[in-house]
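So that we are looking at the same thing, I have put the structure below in structure tokens.
Should a chain be cited, it is by its letter among A, B, C, D, E and F, assigned in written order, with residues numbered from 1 in that chain.
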Amino acid sequence: MKIAVFPGSFDPITRGHEALVNRALTLFDKIIVAIGVNANKNYLFSLDTRKKAISQSFGNHPKIEVDHYSCLTIDYCREMNANFILRGLRTSADFNFERSISQMNQAMNRNIETVFLMTEPELSAINSSIVRDIIRNGGNAQPFLPGKLDIKELDRLV
Amino acid sequence: MKIAVFPGSFDPITRGHEALVNRALTLFDKIIVAIGVNANKNYLFSLDTRKKAISQSFGNHPKIEVDHYSCLTIDYCREMNANFILRGLRTSADFNFERSISQMNQAMNRNIETVFLMTEPELSAINSSIVRDIIRNGGNAQPFLPGKLDIKELDRLV
Amino acid sequence: MKIAVFPGSFDPITRGHEALVNRALTLFDKIIVAIGVNANKNYLFSLDTRKKAISQSFGNHPKIEVDHYSCLTIDYCREMNANFILRGLRTSADFNFERSISQMNQAMNRNIETVFLMTEPELSAINSSIVRDIIRNGGNAQPFLPGKLDIKELDRLV
Amino acid sequence: MKIAVFPGSFDPITRGHEALVNRALTLFDKIIVAIGVNANKNYLFSLDTRKKAISQSFGNHPKIEVDHYSCLTIDYCREMNANFILRGLRTSADFNFERSISQMNQAMNRNIETVFLMTEPELSAINSSIVRDIIRNGGNAQPFLPGKLDIKELDRLV
Amino acid sequence: MKIAVFPGSFDPITRGHEALVNRALTLFDKIIVAIGVNANKNYLFSLDTRKKAISQSFGNHPKIEVDHYSCLTIDYCREMNANFILRGLRTSADFNFERSISQMNQAMNRNIETVFLMTEPELSAINSSIVRDIIRNGGNAQPFLPGKLDIKELDRLV
Amino acid sequence: MKIAVFPGSFDPITRGHEALVNRALTLFDKIIVAIGVNANKNYLFSLDTRKKAISQSFGNHPKIEVDHYSCLTIDYCREMNANFILRGLRTSADFNFERSISQMNQAMNRNIETVFLMTEPELSAINSSIVRDIIRNGGNAQPFLPGKLDIKELDRLV
């Protein structure tokens, strides 16, 4: 059974994340959308809100699970019997950072492979930190969020 | 009438910003140099000091206005009847970030176009955060500041 | 009067070129879509076919002209009384090349400014050389060509 | 059954290609290493030599096939019932080009997904055109070639 | 006498830093590994711990000194009679930042030249901030640290 | 004795090459400006013209030699007892290519180190292929050529 972890902050989940997971369903038997919790980071939405938003976006798809973890991603993968990490690539700036992380992960655990898909062109501009900026400034972020997700239901933390 | 907003932190305005606005005067009838105020960010110079520094740099040019705003840039543009956002590009790192912002702005408002000029080679190394670092460490930042701006008159905040 | 030259090979014109010119019409009074002829280069379509394809794409728009030239772009601009060169930016690879050319042009003639717009996300993958590859291999390039352009009417050279 | 096509010139196959295919075996049930034949391109090694070199490198692995094609890659995939294209990413220069190709492929055929793995750090400098340059100049290219491939057996064309 | 300063945070020193200094020994008569102290930054390891880790890594090599400074790097160089700054380059993201800093340093002091070496491929993924992340999460960072450095001896601050 | 080879096509030598060599004189005891001859490449200027142009640019500087070679660069270095290769970096596009070459050179010969300097900002746009384009089109390339080099004396080949 091919299990992939799709790690991220998902603060909040965007249309870009949603499309990537849906496309990757042809590759894997199960995809765990997993929120990495970093005690030193400030989030706009609570962990609970972010998990609900992810669940709502995928509408109980049988092959998609939602979870969170607070250890190294490769340790979490091992715990979940996942041999794959799924990541999307949008720009060459993403690329350099993602390459470093995936190569260090591989140096620590040869059995976990990071698999990349290119973000679709029309979603490649969507950047979580700009989305948060729009929300903070009262702009309309709906075009950047998953279709099934109603932004008004989200409890805003900050 | 073609009005452009040139948004930024201008903490402080540099010789790079100055040259860009001067070159863009052939394209636009009015350029508003507009300080975007972000409540979560720490600045080296106060808003008032930054506005005075911009005014001093352009010496009351009839086509240049100085202002500030604390909403989304596209909402500020609409309020000012500006159909254009002006931005400079220095490096490929700039490029990726500027592209995301301009494409998300366009997704939210099709009527506002972001126009880019390449920074001149001899100014392309000037980076506001490095300028602040020089000032904090007591170095001579004058070569990186507009010719009409006297750094000694600036009130240093931090 | 603000005149811009939009230089390129247009071998053939793509949906990306078309959208860029249409967006730039708010900035300029006239845009000359100008095919730069390079004697050392092999083209897929003849100069004549490429000019007809451009004309057909813009359907006799009163502010758009089609032309060709075989000298330096800045010399052609001066001849046409154009103070602006229009270029689109898709990727950071484009960026480095376009910056070199625009900066060398500016070193040769300070009065001609290159103005850049970012290609829209859904068109940013369109690359003329890949389009030619699709045509050469008998694929369907229509989705990458301007809506008004019928690919079957183009005389294929190679 | 998950079938992937790994397209390329393989002129010649390198240690980088070899490692990538071996790592991807956990993802796919069959990988077709397929030489794309481009009539306009000059190769250092003949098609036959390149195919033998690939076969020798993988030593008749039951899940790996070697083939060639001279149409569009997505048309070849459809013909082979392959829903995946496998590609490696070494540098941000690769990234921009690979993104364009994969996005145009997806625009032409939504059912074929391109899957990327990052080249391992110690192999990321290996570049086919530099390898050919070394061979042409009589240097020792063995460290950059698959372990099972004996460079002396290759018939050199140019 | 050719003296180079190798400036950085070294929080902590990595195998990448170690290899770079060792390779640069053929170029310089003395290399000062110098910790730049920034009052606004939070570090994982104390200044003292970082200095000890550097010393231990190079085992009292006669041409390598360890020091710290809290002024501009070029002012520190002048004080130490160093005409060279040594820096490593790993990725194109590094490149853009390093270029800005080196060019601004040169604008302030023409006599100090920044010399770059490329990080070796197998070390190019090593990124201090990812190393800190591994340490904070209890992972094994030893493969990324200098061979002579025992991570267990380091006093962890945060 | 520290000897560096500065390899290139120098078709023709530019102000960028000239400045780089002059800055590197503080690092090396001798710099050999060496034209790499590639039988498969077409040049604008003859080998002889290119060598004279380099000599004229440096005006018989005692530490600078001019030469050419037609083998691998690392083999030429060994023959000349040079332990260093000197290269300039202008853009992130340069970076990716230079990194591959320097890393493959190091894989073949650990004793030869490639040393990089950043091109000065005002020279970073100068690109040999654009310079050739200007010359071919009858433009004024003098601003991009070394001060001591008179372009009219060069015999133009193509």
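As a convention for this text, a contact is a pair of C-beta atoms (placed from the backbone, for glycine too) under 8 Å apart; a residue touches a chain by one contact, two chains touch by 3 or more.
Remember, it's a predicted structure, so these values are computed and weren't measured experimentally.
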Along the graph of touching chains, what's the shortest path length in steps from chain C to chain E?
2
Which chains contact both chain D and chain E?
A, F
Any idea what the CA-fit rotation angle from chain C to chain F is, to the nearest 5 degrees?
120
At what distance in angstrom does the C-alpha mean of chain C lie from that of chain A?
38
Distance from the mean Cα position of chain D to that of chain C, given in whole angstrom:
33
Could you list the positions in chain B whose residues touch two or more of the other chains?
91-93, 96, 99, 103, 121, 125
Chain-chain contacts as defined at top:
A-B, A-C, A-D, A-E, B-C, B-E, B-F, C-D, C-F, D-E, D-F, E-F
Chain E to chain A touching residues, read off their complex:
91-93, 125-127, 130, 133-134, 137-140, 143-144
List of chain E residues in touch with chain B within their complex
71-72, 74-75, 92-93, 96-97, 99-101, 103-104, 107-108
Quick one: in the complex, what on chain B touches chain C?
2, 23, 26-27, 83-84, 89, 92, 95-96, 98-99, 102-103, 106, 113-118, 120-121
Going by the contact rule at the top, pick out the chain F residues touching chain B in the complex.
91-92, 121-125
